[in-house]
Every structure is written in structure tokens, then in C-alpha cells.
Amino acid sequence: MFSLDLGFYNWDLFTNYILKGLLFSIQLTVIATIGGILLGTVLALMRLSSRPFLVYPATFYINTIRSIPLVMVILWFFLLIPMLLGKPIGADLSATITFIAFEAAFFAEIVRAGIQSVPRGQSDAAKAMGMNYGQNMRLIVLPQAFRNMIPVFMTQTIILFQDTSLVYAIGAYDLLKGFEIAGKNFGRPIETYLLAAVAYFLICFSLSKLVRKIQAKVAIIR
Amino acid sequence: MAFDFGVFCKNTLDGEVVDHCFSAIFGLAQNADPSYLDWLMKAWAWTLAVAGLSLVIALILGVLMGTLRTIPPNSILNKSLVRLSTAWVELFRNIPILVQVFLWYHVIPAFVLPLKALPSYCLVSIALGFFTSARIAEQVRAGIQALPSGQASAAIALGFTTSQSYRFVILPMALRIVIPPLTSESMNLVKNSSVAFAVSVPELTLFAMQAQEETSRGVEIYLAVTLLYALTAFSVNRVMALIERRTRVPGFIVSNDASLAH
Amino acid sequence: MIELRNVSKWYGAFQVLTDCSTSIKKGEVVVICGPSGSGKSTLIKAINALEPFQSGEIIVDGISLGDPKTNLPKLRARVGMVFQHFELFPHLSVTENLTIAQIKVLGRSVDEAQAQGLRYLDRVGLIAQKDKFPGQLSGGQQQRVAIARALCMDPIVMLFDEPTSALDPEMVGEVLDVMVGLANDGMTMCCVTHEMGFARKVSNRVIFMDHGKIIEDCSKDDFFGDPDARSPRAKDFLSKILAH
Amino acid sequence: ASPTLDKMKSSGAVTMGVRESSIPMSYTTGDSRFDGYHVEVCRMILADIKSNLGLSTLRINYQPVTSQNRVPLVQNGTVDIECGTTTNNANRAKDVGFANTLYVEEVRIAVKANSGINSISQLAGKKVATTTGTTSVQLLRKHEKANGVNFDEVFGKDHADSFLLLESGRADAFVMDGSILAGNIANSKNPKDFKIVGEVLATEPIAIMVPRNDPEFKAAVNAAIAKIVANGSMPKLWDKWFLKPIPPKNAVVGLELSPATKNAWANLNDRPAEDYAKK
Amino acid sequence: MIELRNVSKWYGAFQVLTDCSTSIKKGEVVVICGPSGSGKSTLIKAINALEPFQSGEIIVDGISLGDPKTNLPKLRARVGMVFQHFELFPHLSVTENLTIAQIKVLGRSVDEAQAQGLRYLDRVGLIAQKDKFPGQLSGGQQQRVAIARALCMDPIVMLFDEPTSALDPEMVGEVLDVMVGLANDGMTMCCVTHEMGFARKVSNRVIFMDHGKIIEDCSKDDFFGDPDARSPRAKDFLSKILAH
């Protein structure tokens, strides 16, 4: 029978190995969320427009990205970005670009659904009062859409945080990697995998609790 | 840059070009050394096998847990079932799939020795299946809650017991409603099966990493692998669309907001 | 037949029903009315044990709902209920909607259930629609099927919760006609509705609720004939609802 | 003109590719610090180059690399000098350059000490672990074909995972470079439970990678290597990393200096693995 | 003031409006009725250019909607519209609902807009609710705010699309009262409704639609007073809707 030995685990080990990974995972999550929402909103508006030359590229991009495993997307970008840019980039930057590009496809669908979740009567009413497309979007539709979207945004962000563990494929140093390296260097891989699971669970679970709180707060009374 | 898809017709032992690309699998050339194409096909089969088994696990457990989350908590048994299913969902969706795969492969068998005898294919399917079941459970729960509450009331008012009302009234409709989100969860499962490589299942991603190391033709290898993943996910999508068409209720309009998570 | 004794119900701290007592005798037609949110739906659902209540007692056909030994599904099967939004089962054809509970709950044979189902479908004038799905029917037709579905179970009493308020005005008539027919045939009925024409025509008694309390419980003639004897709240309500 | 040297001169910095857990060749000791036999050699090389360039300081950025990405990273210039555990072979030499070999790796077999396995011939039908994305995978395939034996191969996603397969009993043997085997055993919970056995399955030169299109830089590196070998540092380095306790756990790898490595020091060269195989 | 000439509209192959022609003069109150799905909402939305149409012409205050040069937002701002489901903006307070279009579309100052908004809010009897959010009001109150919101834009005509059909029966009265008041003040109105009491009381003309066609377009007195001169479809509809 295997016996757990967590004795090797201490504060030094945390600051030496894990903190760096945790910070990178958080940083990657935050940047990819912000970048993904911005790029995703553009893609969503393109998809919702009535002009084919805007609709098709956006639809193609979103559908393609959504049907490829993230690991593959990460490897692709890692391989192709240097070729396209003509100059090399590191694993961390590559991961960041990849995640923004990848998440944009998902956020685009969230934003689209959010806009569509606003009853059509609302934009009819705004139009009937003489508002043009821009005023309608800015004053009436988007404020409601974004409020409806906040919980889904946050859920997606939690998923994103979990997905950062896949950057091992290109050797970026994320939270999971931190645990793994610590485990390897101290010969305690099983214990560290367990600790990693607990750490991820605590972070994601408390975040999802937070989402539920916010959900209740921002809900529009109808 | 130039593509060189000839790489797939190369021998996996010494990199020499073989006569028949499909040498080993179709037995075209007896005892010939397998080519990278043979290997690719075998890897694809592994991907399909992992995704298939985990999909079965995920659907069964997901529907079960999603249903349990909605049952009326009017007895101690029901209450504990609700709690169990809630805990299930929270546990399996808040740990990254990669970590769960390691847990099932390395950590849990260290404590539950019989699990060591299971091939990694089974363990990784359990991990993927449980992980996905938590997401499917959420979709099923949302589907059930999207039904007008009057439906359940009507069933109960006709004298159905709780389990009868789920069987004859609630689940038949709820499952129809959740087909679109289930489609994207199933496609996600195909994609997520790529983590199986981390525990030695020789599937597409493992092939991609190893073959690109041996041949240095990363672009061609990744292209082929990506296409196969996309093809698989697309087929899943078509099959689900067929199921959706077959089970469509005449005159009933589902207002589906497709699943957003991936 | 139905007896309510000091029924009270709370949602958390909010009291939805306060000390409601009344009784409905065999063959009686009782109309319940009152402002939105006054607890009408809650009360009628409580009679069918669809809503639990915290204190008081409801006795249906001699059986107390609060008794833990009562087989609630069996009791519910004997009380017919019609909902505001019809609540036909959309994935089942009209005939299946009519027979499924007969077969699964009452244990009737398929043939027997179908014969009964088609008899009542004919009665509500929809025999031609028997193979359609609910989504293919108009609202008025759906509600008539829902009434037939409840009748198929041979209920001892029929409960209606605003059966016409989700209908296009054109279709209100066809549903009310079916209900008037039922009342004239001697069915015991308890009906939440704002159709005062219907109340005037067939009801024996009118119950007026406000804020979870039964404020008026009197004969139809007293209710409509003697407005000055009514409470101010009821008078106000009546004047609003009859104004246009 | 050497692009790499120019870059070092203008930026005062250099990027060294390192591994994260290739003990004792190249690994992290936590908190972005890296160390190991090859890393230390590289630092000596860079110190030499720095003084040749007349720079007062040369900042070293460490870039962790993996088996999968080390070649592309050197190829595309992210990494100026890779000091890990890369086998110098003809295929890779098309994409990158290799400095003169300072370490000759012998592919061996690690087994549980009490398993009774002493030779590769005893592995027929047994589970053999190796790491995805390494030459050992192909090596095993070739061996199966040549000797008509059949292994049941299991793949770790990295060396530590592969070793864990052996440790947890999922594999009966771990076939990999000797230094990696020794390093993993030394770092395990009970090093005495494992041993390295059997014939040398392959001999491969492990070399420092440099960009392919920069012969001047490669020459500078080789010159530095010659200096280091000439002043007798190599045996001391070997002693430090392979025979003495090393961080972080102060374990001893315990791998004796092999004749092949000694030979490489004596006759500095950058011959690829294929040349070793022919011998 | 409003002129429709042979307006037709298709959704794909399905024709929703067929050759609709009519006109509404200043100060007139026109009621549109007809069975569900007959195209009433589509017609009234077309007048406000919310629904494009494929053939025919609609002229509002001398300006053709079909003309590509027409500034549609500007034209819409002069036509008030009230929807079945109120469509107040739930994220804005009552006052903000009343002022936002005045400020952003008409370019009025905040003070001016608020003064105008509160004047009309007072007129519909809801000045006490000015700081609430729509979700905190009852349906009847919301609809009255919606009417005030439309009035704030000083419209030349008010369009109503079944303004009372989503309301509890109790609240129908308060909304109709506001509408009767408007009509009596001489506002030009075009109103889709099944409230025949309202039609009888204030309308000048009644339009009856079926299957996308205008079947009847006659004075109130003809419509209600002379049923035998009406088409069978309209007679049938009227009998159903007035039966209970």
C-alpha cells in the first residue's frame, strides 16, 4: 500500500517552484480573457452583421478554432507564429497569443448569444423612438446583453484557467508545471499531482461560488 | 514553404520510403514495415476508442447526475441524492482534465491497487467520462429547468409518481432540448481526448509529437492530425444533427441557446 | 367532498395562504377570483396536493392530504386539473396525451384507454385532431384536449386554474362552452377565473381572495346581486374587472 | 559577421535553452534558477565568449525547453545556445548546429533491483517505458524488428513520468539515456530499489545546440570548449555533478565516467550519432 | 396623415400582408382587429418602418417610408409606439426611460427632458414611481409608463399593438382609461386591440383583418351597428369575441 508523504512540502518549495507557475496561469487567464472579449466582440458583431464578407470569415474562424483541440491550437501557433512573424517568440508569449486567439472564438459565441438574449422588442422599442443602430446598441442592447453575459464570461474564465494547464505542450511554466517540477525534483510525483488537484479545485470552486453571487447581484429585474 | 506529404509513406524504422503507404494495416505487403500513415490511422483509431468509451460513460452519468440535481428534495433519500449529484458536478468540473487524468492514472491506483491492472485506455476514459459527465449534468439540469414547471405539475396532477413523471414526461422533452448543447459537449470530448497521450495512449496527439520529432516535418504531421480531429468532431456533429431531426416533435419549437462552454 | 380547514402556507417568511377554510360539495360549481398574487393558484394547487402547506387540513373525498399514510399519486389521479398554459405533453400525440396516464397510473389496457380517450376527445369536438401533436393545435384546441385528458381519469372533481387567460380572445368561447357543458352535466368543479360571464351563468358559489385570505365566500346571487353587502376590496375588484 | 555574437554584443544578453528536470545534465533548482553539468559548461563557455567580446556584463536569460520544442526554438532564434540533453544526429543537424561533444550518452535499461532482469533479451513480452518525443522510441522499435522480440511499450510524457511508470510497477523497465536514468533513480524516494543494467543499447553524443547558420558563433563556442578541456576542468565537473551530492535533495547520481566520454574529451569532435552507431 | 397604398409583404414564400390600403386622418382613432396571425402587428409595425415591406407605399406626414432618402430614425421619433409587452428598458429607471430618447434623439437638455417626462408621468398617474425600475412595477403601471414614454417625444400619431392583452384583467382598466383620455384630447391613434368596449367608446373607424388582408374598413357605427352588412368572417369573429 502506498503511503502519502507530504513532508517535503513547505513554504520554500511553494515560493521556489509553484508561485511562479501560479502567477503565470493567472496572468495568462487575465490577459486571454480581456483580449478574448475584445476580439470576440468584434467577431460577434461581424457574425451578426448582414454583410457576407464580414459574416463568412468570422464564422469560418470561430468554427475552425472550436473544432480543434486546444493542444493542437497551441502547437500550431507555436509552430506557425514564428513563420508568419518572421521572428521567434518564446513559449510564454506564444501561449498568450494562442489563448487570446482561441478564447476569442468562444467569447464571440457568448457575446452573440448575449446580444440575442435581449428580446427583439427592446431594439424595436428603441428604434421606434428614433434611435439609430449605434445608439440602439450602445444605450439599450449592449448594456443589457453584457449584464446577461457576465456569469457566462466568468464561467468561461474559470474554464480558461483550467485550460492553461495545457501549455505544458510547449514548455511554458504554468501552475501545473510548477507542481510537476517540484514533484520530479523531490521524487514525489504522486503527492504533487494530488496537491495540484486540490489547489485547482480550491481556486476554481471558490471562483464558481463567486460567479453565483455575482449572478444574483447583476441580474436585471424584469 | 513547401509541403512534403511524402513523409506519410515513409517507414517508421529508418525513414525509407515504403512501397505501399497502407502497408501494414491492409496487409498489402506482408511483413512490410509500417509507414507513418499506418501509424496515423492506428492513432486515429485510439482517439476514436477513447472518445467513444468516455462518451458512453459521460452520457450515462451526466444524465443521471443532471436528473438527480432536479428531483424534489422531499425525503431524506432524495435530499442526499441531490447532495451527491451536486458534489459530483462540483468535484469533476473544477479540476482541469489533465490533472484528473493524472489522478486516475498515477494517484488513485497508488491507493486502490486493483485499478493498476486496468489499461491506461480505460483509466483515461474514466477520467474523461467523469469530467464530461459533470458538464453534461449541468446541461441536463438546465434542460429540465427550462421546461415550464407546469409540465411536472401536470404529470403529478395526473397521478404520476416522481419517477414516472421523469420517465414519461420530463426527460423525453428535456433530452430533446439539450441535444444542441450535448452536441458541443460531445465535440469537446473528442477534442479533450487529446490529453490521453499524457498517459501513454498512443492516440493522435502522441503520434503528432513523436512523429514530428522523428521526421522533423511538423507542419505536415500537425495538419494531418488536425484534419482528423476536425473530421471526427464534424462527424459527431452530423450524427447528433441526425438524432435531433429524428426526435423532433412536430409543431414544437425549441428555443435553444446553444451551449457556451467548451 | 372537499373540505379545507384553516389552511396556511408560507414561502419562507412570506405568508401566501392565511387560515383558508371552505368546502365544496358534490355537484357544486365554485368560482375563485381575486387580484393577481392573492393566492388563488396556490390554493387550488394545494387541493390537489401539488403545493404542500404548513398548517391546517385538506380533506378530499374523506382522505386527509396531510396524513403521511395517504397515497398522494392515487388521490391526485382522482382529481382532474386543468392549467392556465394547458401543459399538454408536447412530445406525445393527442391520443397518447389522453391515454398515457390511464395506462401507467390506472393500469388500464391500451384499448380501453384509447376508447375512453377518443370518447372524451369527441366530446370536446376534436376527434379529427387525434393524431396531431399539441404544437400543431391552436391554444383553444390545446386547452380542450387538456380538459379531455383530465376527464379521461374519471375524476370526482375538476379543478381549473385560469383556463382561458392564456388564450386569444377568439378562442375563449370554445373553451368556456366545454366548461359550461361539464357544469350542466353535474360535474363538481372548482374554477379560478376572471370570466365573470361564466361565473354568472353556471357557478353556485363565488370565493373572493385577497392577500392569501378568503374574503368572500357566498352564493353567486349574493356576490353579483348585492354589491353593497360585499367588502370594499371585492367591490373595487369587481368594478375594475367589469368596467370594460 | 555572426548574428548571435552581434546580438550578444548589442543587447548584452544571451538566451540559454535549459531543461527543467534532466538531472544532472540540466534542470531547475526552483525559482527560475537552473543548474547542471551542461548548464555549468555553458556558463563557462559564455564567460569565455564574454571576455573575448570585451563585454563587461553578459546577462543570461534561461529559457526552459522541452523535447518537442528545443529544435524549433534554436532554429527560429529564440534560444541562442541550448544546454540540455540533445542528441547530435544527422537529421537534426539539417536544422541546427552542434558544438563539440562533451558527453557521450549510453542508452541503458533501468529496472527494479529485485526484478531479476539483467539484459534486454529478458524484456520480451514485458512492459517497457520510454518517453514520448525521444529517439529511444524509435530505437526500441528498431530493436524489436532486428531481434524479433516484442515489447509492450508504454510512453511517459516526460522522463519523470516514464520513471514513475517504472516506480509504480506499470512498466518493468525504463529504456533511456544513462544519465537520465541515474538522475531519476538518485532523486527517487528509495534509490536502492532501482538499478541500471544490461548492455549499452546505443551510444549517442549529447551536445550543446547552436544556430545552424552561424559558424562563427559555433567556432567561438568550440574554442571555449577546447580551452575548458585543456585546463582540466572537465573531470572536476564530472565529479561535481555525477559523483557528489547535488541540489535540491543532495542526492548522488553515481554515474562513473565512461570511456566513450573520456574519448570525446580527448578528441573533440561534432560527429553525429550515426557515426557512433557504425562503430 | 398616414396613407397606405397596396402594401404587400412576404416572409419567404409566405405572404403576411396582401394589398393593404387605408388612410388615417389627423385626430382619427382607428381600431384594428382580427384573428391571431392575421397580420395586425405586422401592419402596424410597417407604419413605423420597423418591418420592411416589399411592394406598395406608406406615407407618413407626407414622407414616403420606401424612399431611400428618408431618414427613418427621425421619422420614427415622430411616431409613438406602444407594445404588447411594454418593452420598457429594464436597466434604466422610470425617469431615464422617459428621458433617454428625448436627450439622445431629439437633443433636448436633461432638464427639459425631465420636465417633459415628469409631466407625462403625472398625466398617467405615476409620478410617485419616478425613481423605480420597470421590474418593480406592475404590468399595468409599466404599460402606462410606456405610453408616457411615447408621448414625451411629442408624436404626431400614436400606434398601439395590443396594449392590454398581456395584462391581468384588473389592470386592463387603468391602461384603457389613459388611452380614452388621449383619444378625447384629440390624439391621432391607431390601435390593435380586442377590447371592443374601447372600440365602441372612442374609435372613429374599425379595420378588420384576416389572412393579411383588410376585409372591413368602416365606421364604428357600421361595424357594430349593422352586423348583417359585414363579411361572414368578421361576423363570426365578432360573435366569438362578444359571446362571453
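So that you can tell them apart, the chains are marked A, B, C, D and E in the order they are listed, and the count of residues begins at 1 in each.
Keep this in mind: a residue touches a chain if its C-beta (ideal position, glycine included) is under 8 Å from a C-beta of that chain, and two chains touch if they have at least 3 such contacts.
What you see is a predicted model; the values in this text were computed from it and never measured.
Following contacts chain by chain, what is the lowest number of steps it takes to reach subunit C starting at subunit A?
2
Would you mind naming the chains that touch subunit B and likewise touch subunit C?
none
I'd like the angle of the rotation relating subunit C and subunit E after CA superposition, in degrees, nearest 5.
C-alpha superposition angle, subunit C on subunit E: 180 degrees.
Using C-alpha centroids, which chain lies at the maximum separation from subunit E?
With centres defined by C-alpha atoms, farthest from subunit E sits D.
Could you give the separation in Å between the centres of subunit A and subunit E, each centre being the mean of its C-alpha atoms?
Result: the chain centres lie 46 Å from each other.
For subunit B versus subunit D, what separation do you get between their C-alpha means, in angstrom?
Here the centre of subunit D sits 38 Å away from the centre of subunit B.
Counting only Cα atoms for the centres, state how far subunit C is from subunit D in Å.
Computed from C-alpha means, the inter-chain centre distance equals 82 Å.
Touching at least two other chains at once: which residues of subunit C meet that condition?
Nothing qualifies.
What parts of subunit D, by residue number, touch at least two of the other chains?
68, 72, 157, 161, 164, 168
Please set out, as single numbers or ranges, the residues of subunit A touching at least two other chains.
75, 79, 168-169, 189-190
Go ahead and list every pair of chains that touch.
A-B, A-D, A-E, B-C, B-D, C-E
Can you list the subunit A residues touching subunit B in their complex?
Subunit A residues touching subunit B: 1-2, 64, 66-72, 75-76, 79-80, 83, 106, 109-110, 113, 116-117, 152, 155-156, 158-159, 162-163, 165-166, 168-169, 176, 189-190, 193-194, 196-197, 200-201, 204-205, 208.
Using the touch definition from the top, list the residues of subunit E that touch subunit A in their complex.
45, 48, 50, 73-81, 83, 85, 87-91, 100-101, 104-106, 133-136, 149-150, 153
Can you tell me which positions in subunit B touch subunit D when the two form their complex?
Residues of subunit B touching subunit D: 12-15, 33, 106, 109-110, 116, 120, 197-200, 202, 206, 209-210, 212-214, 216, 218.
Could you please specify the touching residues of subunit E with respect to subunit C in the complex?
Where subunit E meets subunit C, its residues are 35-36, 138, 165, 168-170, 172-174, 176, 194-195, 197-198, 237, 240-241, 243-244.
Could you list, by residue number, the parts of subunit B that touch subunit A in their complex?
1, 90-91, 93-100, 102-103, 106-107, 110-111, 113, 184, 187, 191-195, 205, 208-209, 218-219, 222, 225-226, 229-230, 233-234, 257-258, 260-262
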